[in-house]
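Consider the two complexes below, in which subunit A is the common component and subunit B and subunit C are the respective partners.
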Partner chain A sequence: MTGPSDLSSSYDLVVIGGGPAGLAAAALAARAGVSTVLFDENPGIGGQIYRGITSTPIKNRAVLGEDYWAGASLAAEAKASGAQIVTGATVWSLDPSRQVGVSIGGEARMIQAHRVIIATGSLERPFPIPGWTLPGVMTAGAAQTALKAHGLVPEGRVLLAGSGPLLWLLAAQLLRAGTTIETILDTTPRSNWLRALPHLADFLLSPYWSKGLALLREVRAKVPVIPVQRLSAHGEGKLQHVEYQSAGKDYRRQADMLFLHQGVVPNVNLANAAGVAHRWSERQLCFEPVLDVDSGSSVSGISVAGDGAGIAGGTAAVERGRIAAIAAVRAVKPSASVPDPQSVRQRLQREELGRGFLDALYRPADMFRLPEGETIVCRCEEVMAQQIHDMAAKGCEGPNQMKAFLRCGMGPCQGRLCGLTVTELIANERHTRPADVGYYRLRPPVKPITLAELASLPISEAERKAVER
Partner chain B sequence: MARTADVVVIGGGLHGCSTALHLALRGLKPILVEKDYAGRHASGVNAGGVRQLARDIAEIPLSISSMTIWEHIEELVGDDCGFASHGTVLVAESEAEFADFRARVDDLQLRGFTHEELVDRTELRRLVPAVSDHCPGGVVSRRDGAADPFRTTQAFRRRAIEKGAEVIEGVTVTGLSRIGTQWRVETSDGPIEAPKVVNAAGAWADRIASMLGEPVPLEVIAPMLMVTSRLPAFIEPVVILRGRKLSFKQVGNGTVVIGGGHRARPFRDQNRTVLDWQKLAVSAATVWELFPVMREATIVRAWAGIEARMPDDLPVVGPSSTSEGIYHQFGFSAHGFQLGPGTGAMMAELIATGATNVPIDGLGIERFAAG
Partner chain C sequence: MFKRLGETASIVTIEVDGKTVRARTGDTVAAAMLAGGIDHCRTTPVSGAPRAPYCLMGVCFECLVIIDGIGSRQGCLIPVRDGMRVETQQGKREAGR
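Let's turn to the complex of A and B:
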């Protein structure tokens, strides 16, 4: 295990996140002779898509699928590259001068980076339906994490609800692992098919096409899929039943577990706190960093790669990690030989080909993004949708003022579970665009650290004296 | 055609909003111009301490007059501003410090100020049960407390508007010129003319002063704060130290706000600050020593607000020394929040009547005049 004392005080390149983008970036840079460290907060590398790739207890390769196991070679490459790979390392701060605050095993360190590649990936889009905070309701991603990392297979009456490619992937993985899924409640609006049609030709050329279709067939053969227009979870103290509307009729179904998912969005917290400029993507309904062709952000020396730069999937993330790494190597060590970025970009374009279709088809319905009434929006501070509506109607113009009035987004999750909902609710109430409303200004630490950890940060005697009066 | 007003207030912090409100209450028509939105900077993100304790003699009268307003804040602005009065305690960490505190309290008594009260070891433990054993005593100001800074600033802004003030946000002042008996304030949204102007521009106030040919040695600072996750209630008063920089307060919801004056790097033209984690680590270490109960607490957020500091750590309050009709109200040097309500009332009185009963000697801008 690498501890804080094994770290240098500075590196040419710090890569944050050990998913496909981070692993590919670290491997390329380290092989080119650039001093590279990769931090990942999980016990093992792989990110969400390849979670547990070096340690999963699931040995039957068919359960997680061949795409999952492709991560093994990526992990092996990174390990062999000479990059220092530090797991269990939580990066909690990054500033525009590229000071990286990291905690390992309860001790904090500040590391100076010449270049930084943020590869913190995506997180699941908030799915704020009535009852989504009940025990027994969780995100499909959380269920997938339990499966990959610990081989945990849910039992009882299991329902899946939502929309998006990952919902189908999770359904397939759960079924292969032996779970009985009673029903999938598909929240994809029918009208999305019309919006997606213009992108169909590109999609048919992309690698997603055949894989996606096979996945759909596999799941539909075993589980009934019901299109729904309304959805809510109910129960005393825990989930007991789910109510939904399908084709104009209301239904009620007993359930022990409800897994929710309506796509993933970039995890922008670290980049946002570092001062990286972001913009609203109307296509993906989320904020994404503003990047140049080399993945460079508005802050000098900081790049963003992978799904954190805009959702494009795991294989695209690999290429985007390489593009960012090539730029880093060229900046730090111009004499090193690196692949031609143009050829990497061409591969990336192919990977991204099917995205327009998927984004249009799986665009989540307004009613599942814009909650009403007593539905909780901010779980940490228990702020309800009605409160946001009322405050916006009274003149609150943006999420940062909303934070000050209602404390939404001020809990330990730092807005990960409510940020997009709050922005969209304000925009909707004020008849303006999310781009004009903006997002939370996020404050470090972007991941909570204990007072003891912070106090453990090495401080020179000069520093200690300098700050005393 | 320029808009007209009785007074243009530059800056929508608590001070600007308070002055605008008190001017409106006196029947004058103020226009407040704010470059971002009210409470965007230090006024909205400070520690919220409402403290008379440990102030310089020169600003004690202002602080006391302000305290009277704080105690009836809801009557003034229609919102309690989250104000709760549990006192502020200055903790002595050594016998030598305790002796200094005794001398200070004696001196204040001679001057007729009774708000600071020396407390022995027993009373200190009663007030702050969680404090570490090495502390021999302290000073308490029992009427002190804490409020919610952004809510307070917004409440003053809202009430000022209700009483007839105009508040223009997202508009920058670009120039000031004298036309007859009027001041013409050039803004990014067109000119405004008024006989009187208040410079309450905080960290940007030196630029306004420079436009008047009255430069001041203003330092832009960004005091850092951090807040923990919720903890069971363990402390009521705000705690401050003298030897080491620390202010420490548990809010009603259980979170603990840790501050004390360690500074971030400010970039005022970008509205940004860059935190200095080495210094926050010093704060963390101080809390670690003083409050063992805090050791496993989680830090969830750290930030800094941009504000102005003067070389003598005292605000600039009162009329301009060079330009008739101009009034300054800035440079509160990291302790201006408590002073906001009272200073606004005093400034409005000064502007409306030409005089004020609150002594502000020693706070004028002339103390920085060249030569």
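Let's turn to the complex of A and C:
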């Protein structure tokens, strides 16, 4: 295990996040002779898509599928590249001068980077339905992580609900692992098909087409799929039943586990706190960093690659990581030989072909993004939708003011699970656009650290004398 | 809640609220708790409602637990160690931890 004392005080390139984008970026840069360190807060590399790729207890390759195992060569390449790969390393701060605050095993260090690639990926879009805080309700991603990293499968009456490719992939993986899924409650609005149709031609040319169709067939052959327009989870202290509306009728179904999913959105916390400018994407209904063609952000020397730069998927993330790494290598070591970025961009374009169709088809319905009444929006501080509605109606203009009134976004998750909902609720109430409402202003530390970790930062004699009397 | 697919070779034991829980080397604390049938890992500071791991990827902070005396640790990011002492976190964080 790499500890804090194994780190240099500065690197040409610091890569934050060890998913496909981060691994590809670190491998390319290190091979070009650029001093590179990659930090990931998880116990292993792979990110979410290749979670547990070097350690998974799942030996039957068919369960997770060949697309998962493609991550093994990516991980091996990064390990062999000469990049220093540090897992269990939480980056809690990044500033515009590219000082990186990182904690490893309870000890903190400040690292100076010449270039930074943020590859912190995505997180699942908030799915604020009544009862989504009950034990027994989890995200689809959580079920996938439990399977990939730990060989765990849900038991009892298992329900999946929501919309999007990951929901179908999870269903297929659970079925292959022998799990019984009682029902899939599909929240995809039927009208989305019309929106998606203009993108169909591109989708048919993309690799997603045949894979997606096979996945749907595999799952639909074994699990009933019910289109639903309403959805809520209920129980005393834990999930006991799910209520939903389908074709105008109300239903109630006993359940032990409910896995929710309605797409993924960029995890913007670190980039936002570093001062990187973001904009609202109406196509993907989320904030994404403003980037140039080389993935460079509004902050000099900091780029963003992978799904954190806007959702495009794991294979696209590899190419986006390479594009960011080529720019970093050219900046710090112009003499080094790097792949032709044009050919990388062409591969990226192919990977991105099907995205327009998927974005349109799986655009989550308003009612699952704009909760009402007593539905919890901010899980940490238990702020309800009605409170946000009321405050916005009284004149609260944005999420940062909303913090002062309601404490929403001020709990330990720092807005990750409520930020988009709060922005959209305010925009809706005030008849304006999310772009005008904006997002939470985030500040370091973006992950909680202890005072002991801060106190462990090495200080120079001059720094000590500056405060000692 | 969750069960293991097949047997696991290397077993460690941790203690959760005084109860012995068997885990696999490589489990995170949250995974070990889910596999051990522990139905919640904390109660909320506002209403005291029970919460269990939600995202398992470090973003939701629902799996906060006390590990070896230090509170508010993310159970889903910390691997189990033999003899680790885990406590569920009740309501508000207590002064001193």
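Please note the rule applied: the second predicted complex is superposed on the first by the 466 of 469 C-alpha atoms of A that agree within 3 Å, B and C clash if a C-alpha of one lies under 4 Å from a C-alpha of the other, contacts with A are read in each partner's own complex, and residues count from 1 in each chain.
The working rule: a contact is a pair of C-beta atoms (placed from the backbone, for glycine too) under 8 Å apart; a residue touches a chain by one contact, two chains touch by 3 or more.
What you are looking at is a predicted structure, and each value in this text was computed from that prediction instead of being measured.
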Which of subunit B and subunit C A:R443 touches, first, second, both or neither: first
Contacts of A:L454 with subunit B and subunit C, given as first, second, both or neither: first
Which superposed partner A:E397 touches (first subunit B, second subunit C, both, neither): first
Superposition-derived comparison: subunit B or subunit C, residues of subunit A touched: C
Partner chain in contact with A:S97 - subunit B first, subunit C second, else both or neither: first
First, second, both or neither for A:P334, with subunit B first and subunit C second: neither
Which of subunit B and subunit C A:A142 touches, first, second, both or neither: second
Touched partner set for A:G248, first subunit B, second subunit C, both or neither: neither
Partner chain(s) touched by A:R416 [first = subunit B, second = subunit C, both, neither]: second
On subunit A, positions contacted by subunit B and by subunit C: 411-412, 448, 450
Of all residues in subunit A, those that touch subunit C in their complex: 41-43, 48, 55, 57-58, 88, 90, 123-124, 133, 135-139, 141-142, 145-147, 149-156, 177-178, 237-238, 256-257, 267, 379-382, 411-413, 416-417, 448, 450
Subunit C residues within the subunit A interface of the complex: 1-6, 8, 24, 26-28, 31, 34-35, 39-40, 44, 46-47, 49-62, 64, 70, 72, 76-79
Touching residues on subunit B, where the partner in the complex is subunit A: 37, 39, 44, 150-151, 154, 228-229, 243-245, 253, 262, 272, 274-275, 277-282, 284-285, 287-288, 294-303
List of subunit A residues in touch with subunit B within their complex: 93, 95-97, 99, 101, 108, 110, 275, 397, 401, 404-405, 407, 410-412, 414, 443-445, 448-452, 454-457, 459, 463-464, 467-469
